[in-house]
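Once you scroll down, you'll see the structures, which are given as structure tokens.
Each of the two complexes below includes chain A, the first together with chain B, the second together with chain C.
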Partner chain A sequence: MKNVLQWSPPEGLQGAELTYTVQYFIYGQKKWLNKSECRNISRTCCDLSVETSDYEHQYYAKVKAIWETNCSKWAETGRFYPFLETQIGPPEVALSTDEKSISIVLTAPEKWKRNPEESSISMQQIYSNLKYNVSVYNAKSNKTWSQCVTNRTLVLSWLEPDTLYCVRVESFVPGPPRLARPSEKRCVRTRKDQTSALK
Partner chain B sequence: GLRRCLLSMDIHHIEESFQEIKKTIQAKDTFQNVTILSTLETLKSIKPLDVCCVTKNLLAFYVDKVFKDHQELNPKILRKISSIANSFLYMQKALQQCQEQKQCHCREEATNATRIIHDNYSQLEVQSAAIKSLGELDVFLAWIDKNHQGTSA
Partner chain C sequence: QEFQFGPCRVEGITLQELWDAFWAIKDIVQAKDNITSVRLLRKEILQNVSDAESCYLIHALLKFYLNTIFKNYHDKAADFRVRKSFSTLANNFVVLLSKLQPSQENKRFSGHDSARRRFLLFQRAFKQLDIEAAQTKALGEVDILLTWMEKFYHL
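Presenting the complex of A and B:
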């Protein structure tokens, strides 16, 4: 739920000293509100996470450019609905292995926090139908397969011993498509086959 | 509650249909300071006991009022809206069975919530009210989805 407004500089004004001012609007409320930290700024982004932290409301944002004594018209976003449109980060992935299996434990991502002291809210609490797309790569056979899971733990069985496997996991919520952000690739090697070791 | 009633309806395909026309529909809604479904105050305050009745009333609101009042020239948008309307008709049939089995009781709270929505609608000119209500379908669908976890396929 970290929501950042981004824009590109207006065309044809390269070299001009441009600054920007942002306002936002809560759908159904009465007026546009200023974002003081984004008044007369030179960067082309503005973090509106605090202003849009109530994810069940809907919002608009707009930005205008100012140069010399001129200012542009407002450029306005469409209606933004964090509950349905926010990008959901990847879960935390913990792997453990033995000869022919890998155990995967997933921890749901947390909602963006205004400050570290704020209590954590798991995205699982917000989206009770949160699911995970687990993809597994076998480095020996160069093959990848994936599966969709709802629970937090998953055991991959019947694997090849002494083989490197790499896992990537993506969180998703059934419904309108959203941008996905898979986890970092985590790799682990299954143990050597003990029976062949004893011969 | 409705949990046992809407067993076969997959809300997500309706959400996907709406997703394709949402930006166009919402861009036509120029009254940003007014809402029909009043996201938080009305829908969020609905108690589980009233979910079935409010769902039934809001489906009727869309089928009997919004879809009828809305005039659309763009064929692609029209196709999507009629697909959504058909899904709503299907859900209404499913709710009818619940009604017959007396599982869709309407308390005063549910009736009041529905009246607020109808009042919001009638405060706007018909076309504006219809386009605004269509633009808020994502709110209604998210509310149905959230209140009927475990019932859709």
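Presenting the complex of A and C:
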């Protein structure tokens, strides 16, 4: 739910000293509102996370460019609905292994926080239908398979001993097409087969 | 996969299909809605709806959408080149409405009064606008409706 407005500089004004001013609007309310930290700024982005933190509302944002004594028209976004359009971050992935299986424990990503002292809110609390796409790569056979799970724990069984497996997990919420960011690849090697070791 | 709106159970509707259909028309329809200072499905209409109220409310909303919005929007949907998605949405609403049967007839509208007040808030806001603008706005708010409906959907 970190919501950042981004834009590109207007064409044909290279070399001009440009600044920008941003406003935002809550759908169903009456006025455009200023974002004081994004008034006469030179960067081309503005963090509106605080202003759009009520994810059940819908929002618009607009930006205009100012140079010398001129200013451009407003450039306005479409209607933005954080609850439906936020990008879901990856879960935390913990792996443990033995000879022929790997245990995966997933922790749902947390909602963006205004400041670190704020209590954490798990995205699981916001999206009760949160699921995970787990993809597993067998480095020996060079094969990948994936499965969609709802639980936080998953055991991959019937694996090959002494083999490197790499796991990547993506959070997923059914419904409108939401962007998702997969987790970092985590690799672990299954243990050697103890029975062959005893021979 | 089924909806469970209090006493009313509906099977055979795939919510993902509704989302996909709406998402195909969302940007076009919402861009046509210039009255951004009015939201028909305001938060207080769909917030904290009890199970008992939910069947009456979804029944009233779907009936209104079909009779007042979808019925009169076919040509416009063709103009916007979104007729296929629009029809998918409308047909699913028709099926959903037809299947809204409570397990016991008298239970369907037990939350009637409070649910009716919620629906009337929506209908009153709709009637205060020019009919065509209101139809476009209501169609553009189907994402709000589906988000609420999703709470009653079980995979």
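Methods note: the second predicted complex is superposed on the first by the 199 of 199 C-alpha atoms of A that agree within 3 Å, B and C clash if a C-alpha of one lies under 4 Å from a C-alpha of the other, contacts with A are read in each partner's own complex, and residues count from 1 in each chain.
As a working rule, a contact is a pair of C-beta atoms (placed from the backbone, for glycine too) under 8 Å apart; a residue touches a chain by one contact, two chains touch by 3 or more.
Everything quoted here is computed from the prediction, not taken from an experiment.
Peer 1: Looking at the combined model built on chain A, do chain B and chain C fit side by side or clash?
Peer 2: They clash: once the shared chain is superposed, the two partners overlap in space.
Peer 1: With the two structures laid over each other on chain A, which partner does A:60 touch: chain B (first), chain C (second), both, or neither?
Peer 2: So A:60 meets both chain B and chain C here.
Peer 1: Answer with first, second, both or neither: which of chain B and chain C does A:9 touch in the superposed model?
Peer 2: A:9: touches no partner chain.
Peer 1: Classify the contacts of A:176 with the two partner chains as first (chain B alone), second (chain C alone), both, or neither.
Peer 2: After superposition on chain A, A:176 lies in contact with both partners, chain B and chain C.
Peer 1: Which positions of chain A sit in both the chain B and the chain C interface?
Peer 2: After superposing on chain A, chain A residues 25, 27-30, 56-58, 60, 78-79, 81, 83-84, 129, 174-177 contact both chain B and chain C.
Peer 1: Under the touch definition given earlier, write down the residues of chain A that touch chain B in their complex.
Peer 2: Per the stated touch rule, the residues are 25, 27-31, 54, 56-58, 60, 78-79, 81, 83-84, 128-129, 174-177.
Peer 1: Give the list of chain B residues in touch with chain A in this complex.
Peer 2: The touching residues are 11-12, 15-16, 18-19, 23, 26-27, 32-35, 38-40, 44, 135, 138-139, 142, 145, 149.
Peer 1: Under the definition above, what is the set of chain A residues touching chain C in their complex?
Peer 2: It is residues 25, 27-30, 56-58, 60, 78-79, 81, 83-84, 129, 174-177 of chain A that touch chain C.
Peer 1: Which residues of chain C touch chain A in their complex?
Peer 2: Contact set of chain C toward chain A: 15-16, 19, 22-23, 27, 30-31, 33, 36-39, 42-43, 140, 143-144, 146-147, 150, 155.
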